[in-house]
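Quick heads-up: structures coming right below.
Here come two complexes built around subunit A, the first alongside subunit B, the second alongside subunit C.
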Partner chain A sequence: MMKLSRRAAIGLGLGAAFAFSTVGAYAADPIKIGFPANVTGVQASLDGPMLNGAKLAVAEINAAGGVLGSPLELVTYDSKSDATVISTVASQLIDSDKVVGIIGFADSDSVLSIGPQVDKAKIPFITPGATSPKLPSQLGDQVFLAAFGDNVQAAVGAEFALNKLGAKTGYLLTDIGSEYTTLLSDYFVSAYEHGGGKLLGKDTYKIGDKNFTAQIAKIKALPEQPAFIYASSNAEEIGLILKQLRQAGINLPVVGGDGYDTPLLLEVGGAAANDAYFTTHAFMGEGASPAVQAFSDAYKKATGNAPENSFAALGYDAVKLMADAIKRAGAPEPAKIRDAIAATSGLPGVTGTITYRPGVAVPDKSVSVIGVKDGKLMLASEAAPAFVPEP
Partner chain B sequence: MSQLEYIIQQIINAVSLGSLYALVAVGLSIVFGVLKLTNFAHGDVMMVGAFTTVLLIGIGMPFAPAMLCGILASAVAGFLIERIAYRPIRNAPDVTRLLTSLAVTYILENLGILLFTSSPRNFPLPDILNTSWQLSGGAITFTNINVLTVALTFVSLIGLGWFITRTTIGLGMRAAAEDMQAAQLVGLNVNKVIIIAFIVASAYAGLAGVLWAAQAGVVQPQMGFTPLLKAFVAAIIGGFGSISGALLGGYMLGALEIFIVAFMPDVVVPYRDAIVFALLIAFLLFRPGGLMQPNREIKL
Partner chain C sequence: MKADLRIPLAVAAALILAAVVAFGAPHVVGDYFVRILLLIALNSILVLSLSLSNGFTGVFSLGHVGFIGAGAYAAGILSLTVQQKKALLPHLPDLLNWFSLPFLPATLAAGLFAAILAVIVGYPLMRLSGYFVSVATMGFLIIVNVVLINASDFTRGARTFTGVPLATSLPWVLGWLAVTLLVLSRLVYSPFGRRMKAVRDDTIAASAVGISVLRARLVAFVIGAFFAGVGGSLYAHYLGSFSPNTFYFAMTMNLIAMLVLGGMGSLSGAIIGVICVSILSEVLRSVERGFTIGDITVPALFGASQIVLGFLFILIMIFRPKGIMGDRELTFGLSGRSANHNQKEGKDR
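For the complex of A and B:
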């Protein structure tokens, strides 16, 4: 008979209780899903909420019995908004942690950094927030988008300007420091000109810039003032651009993409953010849809605050998409999961329904247009575009 | 808007941006001049000043005293960095000192991330400083924070000029910059001179940090990197280690960045940073001492 000291007995008892409480009723090993997240660095205001949303989805799935009888485990590392770190983290997830699928990133540049590795290892990859519709063709058939493509949101932005703002002339300001903003601008130009709009000029700046006064003076010096400005910007610059525009006396509406969708827009922009509009994945504010409302409440319960932006919901939806695919695959094997993701049809989510047309890894989803009025966000329109530029 | 108004507006923009660059570059140059040390931590000392100011405004302190406390906090940080990190390795090889300053950078930055997280937070600038002046029927505009930046740059530089030409300790700093050993031989208290130089340079960093963050609208632990990079370029163009060179370099860099966007054809504008760094390489190749040529060879 084995003799146990009192201390060892207590230790064992506690250990058993702890083990029981975490694994619960599961007999099987957890299914590991990788989730690299830029929780520090320039992408932090997007990836942080996204990770919280993903954790919430995993908790809900595990509480409801897991997938295929196993709990899901989210393996996450900080990739620091840095291409080199992303690559290291990817190796860690694929080679050491042996994840069966990876979910990650809110921006196309980070996805471009991880793409070659997931393609080589044949690990299915879903990006909750990156929106370049070119990613699947650039990176191979392991890569799926959970969000709409930039061609779709740029077209909605252009049609919103033309039809709702009545802006037949525009001016384009592009951040040339990221793939996301340059592509978004290209799609915007083709959609806006297709719809009969006329661009009076274009200008550029680079991510990280703090001073836009030279560009703004150029707008003021135009022989004819545009009816609106399309600013293809990332999260950290747009508040400042709006502020400097208003300070220079330019009070035109400013339209842009989902890069605006962080608390920084209102915090930094302040009163200058009025009359700014952006296309994004879901409206999370007052008067949101029941699905969003339910998600908001759950998120608030889990994190203590309301969802910062729609990327929280995208992280949540992407995990649900992966879990649904694993269930339909019947086994936690990467190749089967990939095929199951590709066959996803009519999966409801907080940010809309996900269906992949055969051979297309970008879902068709509707786009919300959010505007700033009196320092508050409001839903300005919700639409699918009439014309979509080719990816 | 007439052509003349456009040009005046862009000159105002250039002076405003150049003042910020000059402030950072001057601080960097003071340390380099005296210690021949490339102080990578300068940007993080800026961050210390900016964060202190934001936190104090957050608890209800008005902008001006909060800014003074920010400058003070930077000066204290500079003092501590010199005593703890740089003094023990003062006579070590250049590589050691360079790596130490990089280490200080990482420590401060990560300390900031631990304390405040890395997400940017708003800089609550009082409305009065955000108010803009509209001249010539609104064709020419600038804000009070622009005016304040330029004014403080001038006032602080006049003060610095007086300090290094009229006070014993300031003269000592210049003597040490000229030749540390000779200064020591004629009885200069090197420790005192160096610590004062660090405190002055760090106070400059604090001032520059507050103004930089006020114009950027946000503070975050990694905010020091971009200004540091700009200040390097400015200091090298002007002449590393020379205060007047740093000043000149700062304004030249500001003007260059604004004028490329303002007056170059659209196809050239995206190459703004490439042009600036090409110029930097040209200076390093053909005129390594910069415009002022304080020492003909520079060591990084």
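For the complex of A and C:
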């Protein structure tokens, strides 16, 4: 009895594998783009919307006749926010599915996991959401960012504080538990000091911390109070930090990066989030630009809800960027597509216009500064920085 | 006397087969299948090393992944190039920052480091039994995780540890798997191995007949930790970049599931468990994306693979509570003869 069921189980597994491989063989006609996504695990709140945005872009492109006469096909696997699965998925995409390009991930860690393989196979790779400007130099010339680099958003944050808030003195709070926040702080310091600002002090905490009273006590004990606080934080902590700051009677403006850009900021921060500002890819709220508004409506139609955050728009833009490059390459061949991506100039997108300077795989994009006023998000400024720190 | 030759011949044949697979597979099948093979072999090393304490000695350790993580970081720090050490770990003590070890010495060092850790941790903990040792070893895993996150001069803290050379290849992993299997099978099916099993089955009876319970457990724990450290180094050189949370509860659960599924008291069971879980989760991961057979289209259901796997575990535990192999070995009819043979040898002496 046991033997039979075991054999049946193996048979089922083989049958499924076989059925699957034949499905793959029939679908040779469309142009295949790999899209590994962490739709389960810790990155799901970013990669999920990103995947929806990407699917929307593919549907729009195919409805308009595809690229070079063939439809696009998004080959998606769940990479489970796990480095081991990411490397397996990458080889599956490159080796079994023979994709001509790969798009994926909202965080630098996942990109670091896939990087060596795309470089070895010479498959162009675009990350919609990772923002470390060091990635291309770490991983080779197949890797492109669709978003601005952290050096750019940190510079915009610093200039916003100096010019719009008139804050000549600041205090820096850094989450040293993640690559993104650590780098962001470094870039902020060089941009702020370059612009003539003066930091009165620095402090750190680690991702996952819940209590910030020690850090807050240190700010209160300063001989001279700063004019604002730059908090380089991830989504989970910033709400708590704001709450505890306001409870301690510190009502200074707080500025940070696109890590704030999830619904958690208002949900956790509540009224304490007032006077918080963050740099991000696009403003999605009321009174957004026509391009964003059109995207929002299409996204709502496709998924039933408004875009969760700007990563949805980044996924959408990354697919458009890849499709545009394939069109200009003239043939779905990885080497040509890679060169076409590098030559992208003035491509309009929901999150801004994408142009790659020669030899730089991080686009020059404008940065939106979003502020919280009366419990609502509003566009505070949209700018490109005058000075950008070296990556 | 014929039986004399059969086992060495079988071992030699297995080694030759492994070598052929190791060097031939990359030419025959694609990179994806080579990776699956590699991961199966790598996880086999980890699960085999886990079976030594959890299966054969009855010390149900939940801290095994702590040794894997320690080994991965130790090997990673040792084998980073000098330039990368300066760029990524600027505060590394002078003792460590002027050299870079090749893959094999780094892996051996990782194994030794894990083994030394196991001696320190095991000496007090191996006196405990049952649930207490599980909870205590879990405490060890938590300590390792917190140390990895906070010793940022050595590990970059919670940030990704990157730049480890991608040196792990199929021949390396299969070679280490052969070493692991050889050492563990010699140990488990030796008089000392019987002592380990006696300690597992009845601690009081074992100590009554003069077996040192602490010694048996400690040896199993330390040897298991050595191979865990080796596996950690192989993992580090396979991934290239990892963070402390790569080596935490998720990995613990995965390895224990593979071990329990295959059979806790069996070396071949451990490997069978790894093969089943790996292949199943790969097939499910591809199927959950949705597919079309004829006119029937099944939509994508991400996350379904985890549910199906969990359900299968429940079924197997209900219908085969001792796992697929239990405590039997897959011997291809060779073991009976070898046991007789050993007995005869014993008598002659």
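By our rule, the second predicted complex is superposed on the first by the 363 of 391 C-alpha atoms of A that agree within 3 Å, B and C clash if a C-alpha of one lies under 4 Å from a C-alpha of the other, contacts with A are read in each partner's own complex, and residues count from 1 in each chain.
Convention: a residue touches a chain if its C-beta (ideal position, glycine included) is under 8 Å from a C-beta of that chain, and two chains touch if they have at least 3 such contacts.
Since we're looking at a predicted model, the values are computed, not measured.
Kindly say whether there is room for both subunit B and subunit C on subunit A in the superposition, answering fit or clash.
Aligned through their shared chain, the two binders clash on subunit A.
In the overlay, answer first, second, both or neither for which of subunit B and subunit C A:Ser113 touches.
second
May I ask you to decide whether A:Gly196 touches subunit B, subunit C, both, or neither, giving the answer as first, second, both or neither?
So A:Gly196 meets neither subunit B nor subunit C here.
Could you look at A:Val268 and tell me whether it touches subunit B, subunit C, both or neither (first, second, both, neither)?
It touches subunit B, and subunit C stays clear.
So in the superposed three-chain picture, is A:Pro290 touching just subunit B, just subunit C, both, or none of them (first/second/both/neither)?
Touch partners of A:Pro290: none, neither subunit B nor subunit C.
Is A:Lys220 touching anything from subunit B or subunit C once the two structures are fitted on A? First, second, both or neither.
In the superposition, A:Lys220 touches subunit B alone.
First (subunit B), second (subunit C), both or neither: which does A:Gly166 touch?
Touch status of A:Gly166: no partner.
Touching A:Ile176, do we find subunit B (first), subunit C (second), both, or neither?
Touch status of A:Ile176: both partners.
Report for A:Ser91: first if it touches subunit B alone, second if subunit C alone, otherwise both or neither.
The second partner, subunit C, only.
Please work out whether A:Gly359 is in contact with subunit B alone, subunit C alone, both, or neither, and reply first, second, both or neither.
Neither subunit B nor subunit C is touched by A:Gly359.
After the overlay on chain A, which stretch of subunit C ends up in the same space as subunit B: 128-136, 182-190 or 290-298?
Once both complexes are placed on chain A, subunit C clashes with subunit B in 128-136.
Show me the subunit A residues, by the header's touch rule, that subunit B contacts in one structure and subunit C contacts in the other.
Subunit A residues touching both partners: 39-40, 176, 206.
Mind pulling up the subunit B residues that touch subunit A in the complex?
The touching residues are 1, 6, 9-10, 13, 16-17, 113, 117-122, 130, 132, 134, 138-139, 141, 143, 212, 215-218, 222, 226, 257-259, 261-262, 266, 269-270, 272-273.
Under the definition above, what is the set of subunit C residues touching subunit A in their complex?
30-32, 35-36, 39, 149, 152, 157-160, 162, 166, 238-243, 246, 250, 279-280, 282-283, 285-289, 291-293, 300, 302-303, 305-306, 319-320
Any idea which subunit A residues touch subunit B in the complex?
Result: residues 39-41, 44-45, 48, 176, 202-206, 208, 210-211, 213-215, 217-218, 220-221, 236, 239-240, 243, 247-249, 264, 267-268 of subunit A touch subunit B.
Report the residues of subunit A in contact with subunit C in the complex, numbered from low to high.
So the residues of subunit A in touch with subunit C come to 2, 13, 16-17, 19-20, 23, 39-40, 76-78, 82-85, 87-88, 91-92, 94-96, 108-109, 112-113, 116, 138, 176-179, 182, 206-207.
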